[in-house]
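Take this structure, written in structure tokens, and hold onto it; I'll ask about it next.
A, B and C label the chains in the order they appear, each numbered from 1.
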Amino acid sequence: MTHRIWIVLALVLAIALFAISLWQIDPQREAIRAQAANPQEDAPTIAELPDPHAVPQNVPVGDGPDIRIFAASSIAPVLEDIANVYESNHAVDITIITAASSALARQIEHGAPADLFISANRQWGHYLVDKGLVADHEHKALLTNRLALVIPAGAEQPSDVPDLHLTIDELTENDRLKNQILHLSNRGRIAICEPTAVPCGIYARQTLEALGIWDQARILPAANAQATLAWVERGEAAGAFVYASETTGNDKVQLVLLVPDALHDAIIYEISTLKDGPAHNEALAFLAFLDSAPAQRLLIMAGFLPPNGLMEP
Amino acid sequence: MASETLTLDIALQQGDFSLQATLDIGPGITVLTGPSGAGKSTLAGVIAGATRPDSGNISLGKTIFFNASTWLPPQRRKLGYVLQDSLLFPHLSIRSNLLYGHDKAAPFSLDDVASTLDITDLLDRSPHQLSGGERRRVALGRAILTNPSLLILDEPLANLDAPRRAAILPMVEQLRDRFDLPILYVTHSWDEIIRLADTLVLMENGRITAQGPLADVLTGQAGPAAMGIDGAVIEAQVSEHLPEAGLTKLETASGPLFISQISEAPKNQVRLFINAGDVALALARPDDISVQNILSATVEAIDPQTPPVVHILLRLADGQALRARITPRAVAVLNLQPGLHVHALVKSVALDRDLVHHPV
Amino acid sequence: MDFWLTSLTPFESEALRLSFKVALWATLASLPFAIGFAWLLARHDFWGKSILNALLHLPLVVPPVVVGYGLLVLFGQNGALGPFLQDVFGITIAFTWRGAAIAAAVIAFPLMLRAIRLSMEAVDPRLEFVARSLGASRLRVLATVTLPLTLPGIVAGLSLAFARSLGEFGATITFVANIPGETRTLPLALYTAINTPGAETEAGRIVVISILLALMALGLSELAARRVTRAVHGI
């Protein structure tokens, strides 16, 4: 008798798990779609842009080479959308492998097959050039971003005034930022990416060091930008340093402020083409698509900024 | 410590096995015996508190062990319980084993018990260093040192060789005598029954088929059939020793008996077992005969069994019973009838001295 | 050669110290529960026994990350019990070495439980009854007969749990993250080193330290097991 109950329970559980795995929800993507800007003349209208989640009707999927893109976690979501659009019109399969830029660089260095590498700083792109895996002329700046300090959606904004505010002196913008971070640090930990190697974390560390509070702030290191966002979305971290792009259309966090660019190195996303990538030519074609208007629109709607006036390396 | 009587009247069902018993256990050694599966060990376990009966009551003196509203747990029953597997605590020394449940108010000390059981040399050893017989003795000592009101021994001499058994048997008697301890003794072995039993309880299929003083049960109706043994025990007094003949003379109300020399002093009582097959009958007292042991007796009952044997129950002058086994033809020739006076001839050598029991 | 002979860097010594602390507390905290449940399962029958048994073994079969996530949901800053513990008892578990110890304890618990339970079941129940017939209460029997004879299993359980706690990664990093000085045990430190390009030497050193620590723990537990078995059974 007892044995049969166990078997039935196990079967029910298995079916439930299987059903859950088939069900996909992504309200955030839907929100981004809904925030589309006015369409331009020669660009497809929003109505005409294919739904990223629909299976392409005309183009046989799985027919053609596989482009493998190793992308920093902060850019991976919008890259998925761009890739889906590209796949619906071209006979290629795009696979996006995402993690922290440093982790990806290490994997590529150890032989992981990659065609394109998008890093959230120039350092990891140059690392692969130094290792001879990327040709000198085959990497360039792609985007820029801002660093943002965020807190969970329902939390109270931290005061920008120190607890013992006795002087009548004007507080500088940096002072305000410093105070807000310290107040958050009292509430709980501040999530940042691993400060030694992950770009987002490096920018955050530079900011905290510039403000002189690197030792005081209680940080929570996370593996990459998406993971950092997850900690603060869940309310486990009192605050987080994430990219501004990660706050776009995100109702689980609220912005405290955008960190002044002067406090950290310029945030430059770099895209590199691997010399020995299996789908080298197809990768270059996709690279060109990234520069096109539809792709750029998606990037801007996701909160990224074009690399205005940035010098070529 | 005055010994109390254990009164028991219980029923128990375990699967297909049903046990029902009404029993009184008084002073002295009560031997519980019967075929395998009769329920002896189960009953012993019920008394010790290992198994809870379905209904009934058990009490020792004024202490209630079990009834409809009470269940006294084993540690409060003040019983000693020794199993065939000595079950010494392997992680403790012999001394610690002995003292595990030691009652400091007991009228005897560790040294008393150790010397009685001859284990004084073993006190600082570990159980795994001891032989089977030594472990049995330690288990006995451990139980005794708790100063119990009743000692339950479940086949304590099983699987021991003859010398070992011969060494421990007298110690069991000493336990009854020196420490004034009522003992419930479960066994299969006839030697032990004859030697030790003051009271004998027979069990079969979960029921008690006979209980009472040893002599009575042996010669009672259920005797030979149930136990597969045919004989009687009688008590006699040591009269004198005859060392040049290697004999001891015993005196009974029905005449003298000569047995191989024993160590007991004159005036001591001894108990003997006489196998029915070793008893011959004569109408007149024979003079020129090798058999020296002749007792005068009266025929009480003639019990025809399957031919070619007939069982005769004889009564001696002092009321003790004796059994004889003869052929139907002999019965006819002698014209044996109840009430007839006869002479019972017992071959001397049939009185095995190992079976001699020495009540103090 | 310099690789082998230099002393530990702060990064390494901190991770080593933390690993030790977390594993030690995790093992000690699990012990009373493991003994209690082992006794319950070994010596008693009750309704729901097999359900309880399955639940207690869950951390063994479920992916450690799942365990970590479950702990986060329960004891995180925003969890079901976390704020309660913090407000009422002043205890913070999230992002502290305590949380790491709890994660390791939960993961290692089934191993300890099994070892102790098996050892306890091997103790002859008749020995326990004999002890009771000699006048010992249930508690005294547990303390003077059952537990001493279970000791070899307890030692084995402690060793297994300690070793497993030293190596615990998935639940730890999911529940209390990878915070230097608080939760960055050796496995997590190794993870950090592996994910930092150019830190191969560091990673190698941590691997060596981890292996040496494991061998040492193994050796000590073997020694302890032999001594205890000899004391208990005289073999």
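In the analysis below, contacts are C-beta pairs under 8 Å (C-beta built on N, C-alpha and C of every residue); 3 or more make two chains touch, one makes a residue touch a chain.
For clarity, every value in this text was computed on a predicted model and none was experimentally measured.
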### Message
Measuring from CA centroids, which chain ends up nearest the centre of the complete protein set?
### Response
C
### Message
With centres defined by CA atoms only, which chain is the most remote from chain A?
### Response
B
### Task
Report, in whole Å, the distance between the mean C-alpha point of chain B and the mean C-alpha point of chain C.
57
### Summary
CA centroids of chain A and chain C: separation to the nearest Å works out as 37
### Task
Using mean C-alpha positions as chain centres, tell me how far chain A is from chain B in Å, no decimals.
92
### Task
Would you mind writing out the residues of chain A in touch with chain C in their complex?
2, 100, 102-103, 105-106, 109, 124, 127, 152, 188-189, 194, 196-197, 219-223, 231, 234-238
### Task
Provide the residue numbers of chain C that touch chain B in the complex, in ascending order.
124, 126-127, 129-137, 144-145, 148-149, 231-235
### Task
Can you check the complex and tell me which residues of chain B touch chain C?
48-50, 73-75, 77-81, 83, 85, 87, 89-91, 100-101, 103, 126-129, 142-143, 146
### Summary
Given the complex, residues on chain C that touch chain A span 50, 72, 76-78, 94-95, 177-180, 192, 194-197
